[in-house]
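Per-chain residue numbering starts at 1, and chain names A, B and C are given in the order in which the chains are listed.
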Amino acid sequence: MASAFEYAPAPESRAVVDIAPSYGLFIDGEFAEAADGKVFKTVSPSTEEVLSEVAQAGAADVDRAVKAARRAFEKWSALPGSERAKYLFRIARIIQERSRELAVLETLDNGKPIRETRDADLPLVAAHFFYYAGWADKLDHAGYGPNPAPLGVAGQVIPWNFPLLMLAWKIAPALATGNTVVLKPAETTPLSALFFADICRQAGLPKGVVNILPGYGDAGAALVEHEDVNKVAFTGSTAVGKAIARQVAGTDKKVTLELGGKGANIVFDDAPIDQAVEGIVTGIFFNQGQVCCAGSRLLVQESVQDELLDALKRRLTTLRLGDPLDKNTDIGAINSAEQLARITALTETGEAEGAERWSAPCELPSAGYWFAPTLFTNVTQAHTIARDEIFGPVLSVLSFRTPDEAVAKANNSQYGLSAGIWTEKGSRILAVANKLRAGVVWANTFNKFDPTSPFGGYKESGFGREGGRHGLEAYLDVR
Amino acid sequence: MSDNRLSVFKTYKLYVGGKFPRSESGRVYEVTDSKGKWLANAPQSSRKDARDAVVAARKAFGGWSGATAYNRGQVLYRVAEMLEGRKDQFVREVADAEGLSKSKAAAVVDAAIDRWVWYAGWTDKIGQVVGGANPVAGPFFNLSTPEPTGVVAVLAPQESSFLGLVSVIAPVIATGNTAVVIASADSPLPALSLGEVLATSDLPGGVVNVLSGRTAEIATPLASHQDVNAIDLTGADTGLAKELEIAAADNLKRVLRPQPVDGAADWTADPGTHRLTAFLETKTVWHPTGALGVSGSSY
Amino acid sequence: MPTTAPAFSDATASDSALRRFLHGLPGVDAVGLEARAASLGTRSIKTTAKAYAIDLAISMIDLTTLEGADTPGKVRALAAKAVNPDPTDRTTPRTAAVCVYPDMAATAVAALAGSGVKVASVATAFPAGRAALDVKLADVRDAVAAGSDEIDMVIDRGAFLSGRYLKVYEEILAVKAECARADGPDARLKVIFETGELSTYDNIRRASWLGMLAGADFIKTSTGKVGTNATPANTLLMLEAVRDFRAQTGVQIGVKPAGGIRTSKDAIKFLVLVNETAGEDWLDNHWFRFGASSLLNDLLMQRQKLSTGRYSGPDYVTVD
């Protein structure tokens, strides 16, 4: 070999996970076929290999699951909090024990790199259950009055970008507060939720407390609409979020929505440049940019723009795109053909509207859904790619001259989920953070998550918060 | 196993700095069950053992208080897991110590295990419950957060040798303090056995140090010790509590007084948060958010 | 006489100019820096890549003995080891250099003659550096006169921490001047910052630029004699510095982490840092070194494992 340090393939073993050829719906503690017998295939986005065939829930299944959850609610909500806590601690521990298996599974079904599922998704999933386990017997101390009551049956619909983590964000607080759950995972990533069903059984969780219904949008809509659902929690697109908001109008259903974003990552001229570069990379290329809080708009102060972009491009050439199961892969596959088409279309719009495209030089595998890390310069507020959520590894670079201008541009969006601020000056961080209309503001870091920290958006990024003490409110009757 | 097999007795030892020393004094005292039958000899700690325990607790403080709250929660939960596996031993020791039936002792041990779980959940929540941002009238970010006070001397309750013991240790260490614990004088065996559980629960050595012996003899040097930050007087009688509180005033230790005699401690009751907050300091940080300039810009 | 890279000649014009320059460097966010270093530490280097990395690491070692108890016998033994690290496998690369105190340099030079293994000599009142300038310069002169190929000097941390940057700069210049040879190649100068004493990452970045401006051929983390020596984070930071310096001046400068790197796993993590920060131009023992001693045997055991498939043990490598 020549002087170059070529990393040999370092694939994580697939043998740690045993995927069955087919899976049922998980209702009332049992796996069952769909009432109408429908199934769908889930594929590995990095190879297009069919991983398994999964029962597809319809309205009748939704009804059955909601009824099971309703039956389970009475006993579950009447359990002492300390007992509910112990179930959740058990779940947290089993997730920790099975985390490598689940990480490999998630990587196969979602396409994201094993480095992320192993080092980010799974530790956060376990921590989330661990955190909310501790709340179950402490609700009196949470600031929602004495003996706060659960809502009842929670209908939860989650996306494909962090399948198990979004499940944890939904289920852990719901159970801790005494609700029961019917959860619909996304149609492209149903497997980890079904493995979670098995974990519920291992933990001895009473039947019906957690029900998992793989399916498509129609099942999600049926769940949201079901008259015996007391709480709707949705993470996904703003368009669907608006549809849900219309659906629940006039009902007593409590709703929380975590929707899209177009996060501004603002780099001032006194930023710690090397760390800012890392933060920009994390902000937009973590999980192939398929992150609602991605820092998809880079706002850079003009005086450091050239220096920063040079450093950023140099850094992007070191990103390793390929087999998501390889431990050295930084950029995995796009989750689906549909999502790839959307990213492709939006980047074409970007070029058509006159923005300058630069993509990291990397070879894309022939099978599967792939998109090279890409950035656009010469982008203005008027460009589509500065306004619409791309949900892919595509960064739009805009510049600013003064802090006021940075704030004005950052806030000039229908969304308001996340933002980043890079400067070594503390008072600037706090002043800018004050002015930003965004639910999460990261300073000198990006895409950090913790179960103790509330997460959620302003404006069309949704409402309600998940995580932390604040996340309890979404599942408690505090009217 | 045959009935006439001669059993192996256990030598009970102190738990200091993650190790199991005998008392430096070489003394032991007889521990009996509630009916006066000899159970074992326990180390009778001296003031030098107390001194060594404070050194160990201080050494452990940086790492333990600096660990993430999540990590401390995991460790406390691990204690519960390990206790669950050694339940039989503790049921026997508690039954002997407190004169309880097996089933009553089992209920006590169950409650003690659940108490670890309760406090495991508090490690990463107490900050959100007692801390927070303060809306000061000015261009400042202002945040109050609780921090552990340091090394806490804990006089464990004399009667409740295990549930009471756990109920005073767990809240002290949950928030990041380290502890020097004086076990119940007459019933120290569950406490000394707890040391063995703590040693195998990922709890760093020195975070909890367990001493057995005459309460006043050990507590007196701890109460006046200049490197002890707080003292929990639960296990002191009225006279001793007053003496110790006076001694503690020398370096203004935080003092948690024993509960009033007439309100006999019910260790099964909901513990609330007062044992957590008793050993917390509140730190408030001010930071400008950018002065308002002549143009009205706040950057 | 060495001169400052022209691009920055203004920066060293006066004490205040130098201070302004060094304090104008971008800040370092410690959490972000350490997270990046840790993240690169998760790279999984297997099979062919591992074999390449192990041989590269062996070839980059400055095999070091810096003890009060050093003797010519000890130095000769170390030299023999450097030339022939694994007597059972002659394909094993030689180390880059042997690193000794100045009074042992002549012994090392004699022992290594014709081997291609360099002799590095610590100087300037190593490790504390607390001596008068003329004493330090005499120390360097001795080492150079004894035939040292490389000089590892320590900066005056006291002067640096009290803000007397120009004093540090001028001292490096003076040492660099002593490294010159009329009758042969100049000794290459490695400038040791003792990063553990500089304490902050901002200081390490400033020291890196100060050293590079003063003509260091290598910047080196530490002496190995204090509590905190080379770490992935401080080495990453120094690699960023040499990368940026070359981008701005065209001058390439080497990096040497020293102290505390004991296992192959550690060494490979450092090579990943080099590969993904400064780039492959630095993957050569002319530009990157490990200051280490026990590391070599661990690399040799790993090398044996790769060639035989069995785990090796300390009885199968030589004690030096």
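Here, a residue touches a chain if its C-beta (ideal position, glycine included) is under 8 Å from a C-beta of that chain, and two chains touch if they have at least 3 such contacts.
To keep track of the chains, here are their UniProt names: C = Deoxyribose-phosphate aldolase.
Since this is a predicted model, take the numbers as computed values, not measurements.
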Chain nearest the overall C-alpha centroid of the shown protein atoms: A
Taking each chain's C-alpha mean as its centre, the one farthest from chain C: B
Chain A and chain C: spacing of chain centres that average the CA atoms, whole Å: 44
Whole-Å gap between the CA centroids of chain B and chain C: 48
Inter-chain centre distance, chain A versus chain B - centres from mean C-alpha coordinates, in Å: 40
Contact footprint of chain A on chain B as seen in their complex: 69-70, 73-74, 77, 114, 117-118, 120-125, 128-129, 139, 141, 273, 287-291, 297-299
Residues of chain A touching chain B in the complex: 82, 85-86, 89, 127, 130-131, 133-138, 141-143, 402-404, 426-428, 430-432, 434-435, 451-452, 468-469
Of all residues in chain A, those that touch chain C in their complex: 1, 3-10, 115, 119, 270-275, 278-279, 318, 327-328, 424, 444-445
Complex interface listing, chain C residues touching chain A: 26-29, 31-33, 35-36, 42-50, 52-53, 56, 240, 271-272, 275-276, 280, 283-284
